[in-house]
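Both of the next two complexes hold subunit A, though its partner changes from subunit B to subunit C.
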Partner chain A sequence: MKKWFMPAVIVCGLMFAIAPVLIAGAPYESTMGLVQKIFYVHLPSAWTFLLAAIICGVASVRYLFGGAARQDRLAWAAAELVVLFGAITLVTGPLWARKAWGVWWQWDVRLTASLMGWMVAVAYLMLRRYGGPGSDKLAAGLALFGMANVPFIYISVNYWRTIHPTTNVVPTLPTSFGVPLWFSAVSFLLLFVLLLRVRVRLEEQRAKLDAMYLSMDA
Partner chain B sequence: MIRLALLVVMFAPILGVRGAGAAGDSVASTFVRGAGPAGDLIASTGGPAVMLAQQPPPQQQDEFIPIDELPAQDQLPAAPLLVAAYSFVVLALFAYVVSVGRRLGRVQQEMERLESDLKRGGRT
Partner chain C sequence: MSGFSRTVWLVLRKDFTVEVRSLEIAYTMLFFAVSCVLIFAFALVQEGRAPEGGAAGILWIAVAFAGTLALGRTFERERQSETLRALLLAPAARPAVYVGKLLGIVALLLAAEMLLVPLVALLFQAPLLAHPVWLALILVTGTIGFAAVGTLFAAMLVRARSRDVLLPVLLYPITVPVIIAGVRATAALLQPEMDAAVIRFWLALLVTFDVVFVTLSLWTFEPLMTD
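== the complex of A and B ==
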């Protein structure tokens, strides 16, 4: 592992220990009350979900046109994190919505597109796992669709009718709500970088192992 | 015949009858009266308009009730949802870290085993 990895793990651990204190200290939102505090994990996980989808897509493009195995490993690792952070987003959102909107789910554009993005990542992983030879290129093509979906998820709330808040809410947040949110977002981002690094490392080790088996056969 | 009369009464508004007192009202009544005693009874009540008018009107809201005074079955507590959300985040992240750690450990073990096999094979 790289030199920065262990210090980053410590910083990330500390941040995840401090974040609940900041979240508990944040004021209650006027209409939603206590349940609004789900926001501090829902939104950072959603951002990380979108970031992972972009990284998976960009690495896949580079793999398709450049052929570097490193990019393929990065895409695979990122796809797993799309599934992880997407699952967190898609579970915490309905738990919040049940209280705030009175329903678990709405088939509006953002929710539907998010579910689709998550399912594309699941399909990517299944293709890699069970697709056999050549599945790396097919999966890379699939990851492009996952990446193309990201702008729709982000801007959909500004253009289609939905009860989701628009993208103007976060920039106008008062400091008392903003500080815990951004702290939580940085914590999630750091965690994402660390998990991505570990997951890429796993693929590197697997590649080494395959090379060892090949050298034995030769 | 009675069933037919009832159907006519029910669908009279759709068939062009527009409210009590309209010409259509008498058309519906004529159909109903031809249906025998039961038809006469329905027709004498004034048809669908009267039947609708006899329904109790929806109760008007004349006060606001504070949320904490709602009956228990109508209240949705926030704490269990919040706890469920945070628990899911912690469990999902923990499960993923454990999963990656185990996979990495398995690959490392296999590599060590293979290296030792290669060394042994090189010696013999």
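== the complex of A and C ==
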């Protein structure tokens, strides 16, 4: 393990311990009240979800066109985190929507695009898990198509109507709301980096072990 | 004829000849598509009447499901006795092989749609045939988009384990925009007052999707089909 890893784990643990205190201390939003506090988890996890998806896509494209196995390991690790943070986003969203919109789910552009992106990531993992040998290339192809698909989903659903709050609200937040949000966002980002590092390392070790077995046979 | 279009033509003619001898895919796919439509009819028709605007959705579901079946079978046939490997070993441009395969699938799906459209129109009292040119444009662009992704995925899954389940698992999330656009455009066509502006918007989206995904497929077919 790298030298920075253990200190980072401790910092991350502390941040996740402090975050609930900050969130609890933030003032109640005037119209939504307590439910609005989900936003401190929902928004950071959604950002991390998007970041993981971008990393997975870029690494996949690089792997597909003659990249090293390192790119593939990165793409795989990122895809798993897409599913994880996507699940957090997709669970916290409806919890909030039930109270704010009165329904669990809306066929809104952000919701639909997130759900389809999440499904592509799940399909990616299934392909890697059940596809057998050679599925690394195929999964990279799927990730490339999944990335190209996002604008189309966006346009096609945007044509209906949208009620999801836009990200324009973020820069205008008063400090009392902003501080817990950014603190929470940094915590999620740190957690993401740590998980990604652990997962990539696991694959590195596996690859090393495989190489050793192969050299023993030879 | 240049080398590229010659390869496309040869691949297409080969698939056509194989198919005409048994008609296996055509018959099974058609029967499956008709069963799909009937199942939706039983599920949705209440008190002898079809729901408003259900026809467009049912038509596209039948096309997507039957298309998956056809894609799976077409490449399963190539897998037996490793004919796909032989095809890829041939000194021909890989993208040309892809285009030949794609055209075969599109032709098969369009043939199925020619039967499905009157059937859906009849069973769901939908005026599908009122604007045949618009409908043909929507169906052709939608089918090309669906088949472009489907052909690439089915071809690359030939080497994978559990390929029959993985094909729909991978294909449907990616082709969601095609299905949305196809259903919306067809539904706009079925309105008492046809809304040309709406149809034009969805057609433009379908054409863009086709261009982007055919280009991407041509670009990735080579690295994806290399062991």
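Side notes on the structure shown:
Just so we're on the same page, the second predicted complex is superposed on the first by the 202 of 218 C-alpha atoms of A that agree within 3 Å, B and C clash if a C-alpha of one lies under 4 Å from a C-alpha of the other, contacts with A are read in each partner's own complex, and residues count from 1 in each chain.
Here, a contact is a pair of C-beta atoms (placed from the backbone, for glycine too) under 8 Å apart; a residue touches a chain by one contact, two chains touch by 3 or more.
Being a predicted model, the structure only gives us computed values, none of them experimental.
Of the two partner chains placed around the shared chain by superposition, neither subunit B nor subunit C is touched by A:A75. Touch criterion not met for A:L90: it reaches neither subunit B nor subunit C. Judged by the touch definition given at the top, the superposed model places A:Y130 against subunit C, while subunit B stays out of reach. Once the two complexes are laid over each other on the shared chain, residue contacts for A:V200 go to neither subunit B nor subunit C.
By the document's definition of touching, neither partner reaches A:C56: not subunit B, not subunit C. Looking at the complex, you find that subunit A touches subunit C at residues 64-66, 116, 119-120, 123, 126-127, 130-132, 134-135, 137-138, 141-142, 144-146, 148-149, 152-153, 155-157, 159.
By the touch criterion stated above, subunit B contacts subunit A in their complex at residues 76, 78-79, 81-82, 84-86, 88-89, 92-93, 96-97, 100, 103-104, 107-108, 110-111, 114-115, 118. Considering their complex, residues 33-35, 37-38, 41-42, 45, 80, 84, 87-88, 91-92, 95-96, 98-99, 191, 195, 198-199, 201-202, 205-206, 208-209, 212-213, 216 of subunit A touch subunit B. By the touch criterion stated above, subunit C contacts subunit A in their complex at residues 149, 152-153, 156-157, 159-162, 165-166, 169-170, 173-174, 176-177, 180-181, 184, 201, 205, 208-209, 212-213, 216, 220, 223-224, 226-227.
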